[in-house]
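Here come two complexes built around chain A, the first alongside chain B, the second alongside chain C.
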Partner chain A sequence: MKTSGLHIRGVNKSFADMEVLHSISLESKPGEFISLLGPSGCGKTTLLRIVAGFERPDSGSILIDDRDITLSPAEHRNMGMVFQAYSLFPHLTAAENIRFGLRLRRTPKSRQQSIVDDLLALAGLSAHRDRYPHQLSGGQQQRVALARALAIQPVLLLLDEPLSALDAKVRVQLREEIKRIQRETGITTLFVTHDQEEALSISDRVAVMHDGRLVQFDTPAKIYHRPTDSFVAGFIGTSTRLEGRVSDAHNGRVDILGISMPAAGVQGHSDRARVNVYVRPEAIELHRADTVAHGLEGRVLEHTFLGATTRVQVAVHDCVTLLADIQSATAHRFPVGSQVRAAWAPEAPRILTT
Partner chain B sequence: MRAVQGVLIIGFFAYIVAFLLLPSGEVLFGAFRGEHGLTLKYVDQLFEPRYLHAFRNSIELALATAILGGLFGTVIAYLTLSPRAPTWLRTGVTSFSGVAANFAGVPLAFAFVSTFGTMGLLTVWLRQQGFNLYDTGFSLFSLSGLVLTYLYFQIPLMVIIITPAVRGLRREWREAASNLGATPWQYWRYVGLPILLPALLASMVLLFGNAFAAYATPYALTSGNIALVPIEIGNVLSGNVMSSPQLGQALALGMIGIMAMAMLAYTLLQRHAARWQCR
Partner chain C sequence: MKTRLLRIAVPGLLLGLCSLYFLVPLIATGVFSLWDGADRYNLSAYTQLFHDPGFRDSLLLSVRLAVLSVVISLILLVPTVYWIQLRGKRLRPVMEFIAVLPFVVPAIALVEGLTSLYTGPEWLVGSPNFLIVAYIILALPYTYNALDVGMRSLDIRTLSEAAQNLGANWPTLMMRAILPNLIGTLVGATLLTFAIVMGEFTFANVLLFNTFAVYINYIGQTSGTQAAALSLLSFTITWLAMLGILLTGHRSQVQLGGAR
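Right after this comes the complex of A and B.
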């Protein structure tokens, strides 16, 4: 399958007086899997619909392999799209749905047959070829929709929250299948989701959107560990945000609630600068207060059992609640009401200016 | 609760028996009952040129208004439901359809005579503009005039009954088709119409029955000068020409037969068009 690069250049879009996309620029490499991630109403679906040709941008352009397609109608763009749900044509069987785009392109019948057979096999649905959509489960319907989108050998695969209507187990299974199929076909893919776990687990790069703006576009690891924006730091994963003041930028120290804590990320900031310190629960170590002298002291408020780990809520100075994930086997050492100290490694916190 | 349900169900069936099955049975047996016992005399009379002509006129009128009403009604329903259509248009069309679908008989005939009659407002105005409507061969008091008049209630009726089906056409189907390379025409040819077809057929059968059985409108408009089965039944029952209740029952039996054939044709077409729904 031919792989193409997508280039979104300075796209703006408003509906009535409401600006939904503000100067979005994004470039993908051929064969890349990119997720548009953000909360509801952030503009990610509008951006996908502009790429698909269902909406026109007010300004800016969409390029595929340096060819400007901004004004091309959707039917001329040769993009495959999978919608949230219910997009299969209900009067056609699974095989007929997959064949639909090939019939329009007048592909020879023998070729149509072999493409449909191959895609049904790829989607694991060979035994369901003659079933109508209402005779298939939600997961099977989305697999057929994916096969239908791939049948036309699109330059770009667009996925508009294709897993959101499925139950949790099928979601995980299908997202792995989507990744496998994408890897096998090598097709450039744009995937819209509000589920960060989904985005981080299957994407090569993630574009985090907020209020119609692209706030960070990076690899999942960098998005998670090195957010460049306070929205990303708060939206991706779970973090505790602590307000601090740089006490020794050279040696990487920050004052939080009057306690000097390590934070390598303050290097580059000026001394006395006010900063936000984001710490992941898994980066926090808890100690009983009577065993160590360093760290933020607090009182255990609650335990939440998560399986291998237990999330502990710690009230620090009764004004901040800190979240710490500890091994469940050691949770009994920090009973609710006990005094603890929280510490972390210098590289653990993410420092962002206020 | 079950007792209430039982009473309601029994009441419903009693209603069906009293007002559908018993009259139908009376028509069925009455058509074969002569002064001296069973006879085929009245059914034989159905094949006389006068009554064959009436049946042909009624079928043509019902078919023409079902097809035209079905097409125009569907297009109007689609246009008013389109996201680009203003809300006032949707509300207006829905309200008007509710009224117009039930506007028939003498008032409708009078309205059309006032507008399209030989001295009607529109006819006179067109004549003043140099165009004589009646020179084109059109006459409000002919079969084509009846078609025009019937469409006044057939189109709104179609709008009312097809609207839920048109509303059921998902945006995702149109966008998925377009995404796969379909032009708007190809979308309607391969997706929109096949999905709507079962509802279209069912609605058109309803329109056919509605037009086939209409009595007051054609009688008021043409004073019974155009041979239609309901008017012939009225004639033989009222005794204006001759009184023959048995012939009236035979004609009614013929109507039931035509409707049964229409239903059979519908069932066969529906079995094909809606095969994706029934499996």
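Right after this comes the complex of A and C.
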């Protein structure tokens, strides 16, 4: 399958008086799997619909392999799309749905047949070829929709929250299948989701959107470990935000609630600068207060058993609640009400200016 | 035991009474249509009717008007209702208001309004074709509502976008993605319009066109048994239309996707 690169350049869009996209620019490499991630109303679906040709941007442009398609109608863009709602044509069987786009392109019948057979096999639905949509489960319908989108050999695959209507187990199975199929076909893919686990697990790069703006566009690991924006730091995963002041930028120290804590990330900030310190629960080590002298002292408020780990809530100075994930086997050492000290490695916290 | 008996007997009795209420007049009409004076019963009323050129002409005229009314009203309304569903939902109350107007305005007032309003070429205004305008308006509540309900049961937007995305332009997506899922709705709207046109009397009578309903009225004034035979024929046409709606409604009911 031919792979193409997508280039979104300075796209703006408003509905009535509401601006929903502010100067979005994004470039994908051919064959890349990109997720648009953000909370409801952040503009990710609008951006996808602009790429698909269902909406026109107020300004900016969409390019495929340097070819400007901003004004070309949806039916001429040759993009495959899987929708959030079940979108199979109810009067056609699974095989006929997949064949729909091929018939419009007047692909020779023998070729149609082989493409449909291949895609049904790829989607694991060969036994369901003659079933109508209402005879298929939700997951099977979305797999047929994916096969239908791929049948036309699109330049770009667009996935608009295709897993959101499915139950949790099917979602995980199907997202792995989507990734496998995308890898096998090598098609450039734009995937819209509000589920960060989904986005982080299957994407080559993730574009995090907030209030119509693209706030960070990077690999899943960097988005998770190195957020460059306070929204991303708060939105992706779980972390505790602590307000601090840089006490020694050169040696990587920051004062939090009057305690000097290590933070390699403050290097480059000026001394006395006010910063936000984001710490992941898994990066925090807990010690009983009477055993160590360093770290933020607090009182254990609650335990939440998560299986291998237990999440402990610690009230620091009764004004901040710190979350720490510890091995469940050691949780008994920190009973509710006990005094503890929380510490972390210098490179663990993410420092962002306030 | 007594309660169970009552539970079966009461609905049965009500059903029997209702059946009698509807069937007795029909049976009486049927018997009367076969009466040929004294104690003679035969099909002479039907034979005379079928040999009367007025019967054939009026029936053919009504069928032609019904077919044209159906075709034109579907050509006008299918894209309109589709567009309202897709982009003009705010216009739905306006359309619903327009669609109930034929119920509110008396037929005689409609005729008067139409004749005052419409001027045009002889082939339209001076011929029975003029009735098509009236019949489309008269059938509007049924046609509009049938199409509206049918299209609302589909996710028109998603299906349209899916078809467009696969390369279909507007005419293609209508013909291959939307209309095949509305067969039941279209047949329903067609048969309702057909039944209305076949039985419509006021417009044709006032405008002096000899349609099937006008012919029935004329025969009713001249021959009782033929009028009874015609009434039964007219009923049969309506029943067949209703039966068609029921059958197509059951057979082609669109089953939308969703988790099984």
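One rule holds in what follows: the second predicted complex is superposed on the first by the 354 of 354 C-alpha atoms of A that agree within 3 Å, B and C clash if a C-alpha of one lies under 4 Å from a C-alpha of the other, contacts with A are read in each partner's own complex, and residues count from 1 in each chain.
Methods note: a residue touches a chain if its C-beta (ideal position, glycine included) is under 8 Å from a C-beta of that chain, and two chains touch if they have at least 3 such contacts.
Note that the coordinates shown come from a computational prediction; the quantities given were computed from them, not determined experimentally.
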**Prompt:** Which term applies to chain B and chain C once both are placed on chain A by superposition, clash or fit?
**Reply:** clash
**Asked** Given the touch rule stated above, what does A:T238 touch, chain B (first), chain C (second), both, or neither?
**Response** neither
**Prompt:** What is the contact status of A:S137 with respect to chain B (first) and chain C (second): first, second, both, or neither?
**Reply:** second
**Message:** So in the superposed three-chain picture, is A:S14 touching just chain B, just chain C, both, or none of them (first/second/both/neither)?
**Reply:** neither
**Asked** Touching A:T354, do we find chain B (first), chain C (second), both, or neither?
**Response** neither
**Asked** Which holds for A:E75: it touches chain B only (first), chain C only (second), both, or neither?
**Response** both
**Asked** Following superposition on chain A, which residues of chain A contact chain B and also contact chain C?
**Response** 52-54, 73-81, 83, 86-91, 100-101, 104-105, 132, 135, 145, 148-149, 152
**Message:** Which stretch or stretches of chain A touch chain B in the complex?
**Reply:** 52-54, 73-81, 83-84, 86-93, 100-101, 103-105, 132, 135, 145, 148-149, 152, 158
**Asked** Taking the complex as given, what residues does chain B use to touch chain A?
**Response** 170, 172-173, 175-183, 186, 190-191, 194-195, 276-277, 279
**Request:** Please name which positions on chain C make contact with chain A in the complex.
**Result:** 154-155, 158-159, 161-169, 172, 176-177, 180-181, 254-260
**Request:** Mind listing the chain A positions that touch chain C in their complex?
**Result:** 52-54, 73-81, 83, 85-91, 100-101, 104-105, 132-139, 141, 145, 148-149, 152, 165-167
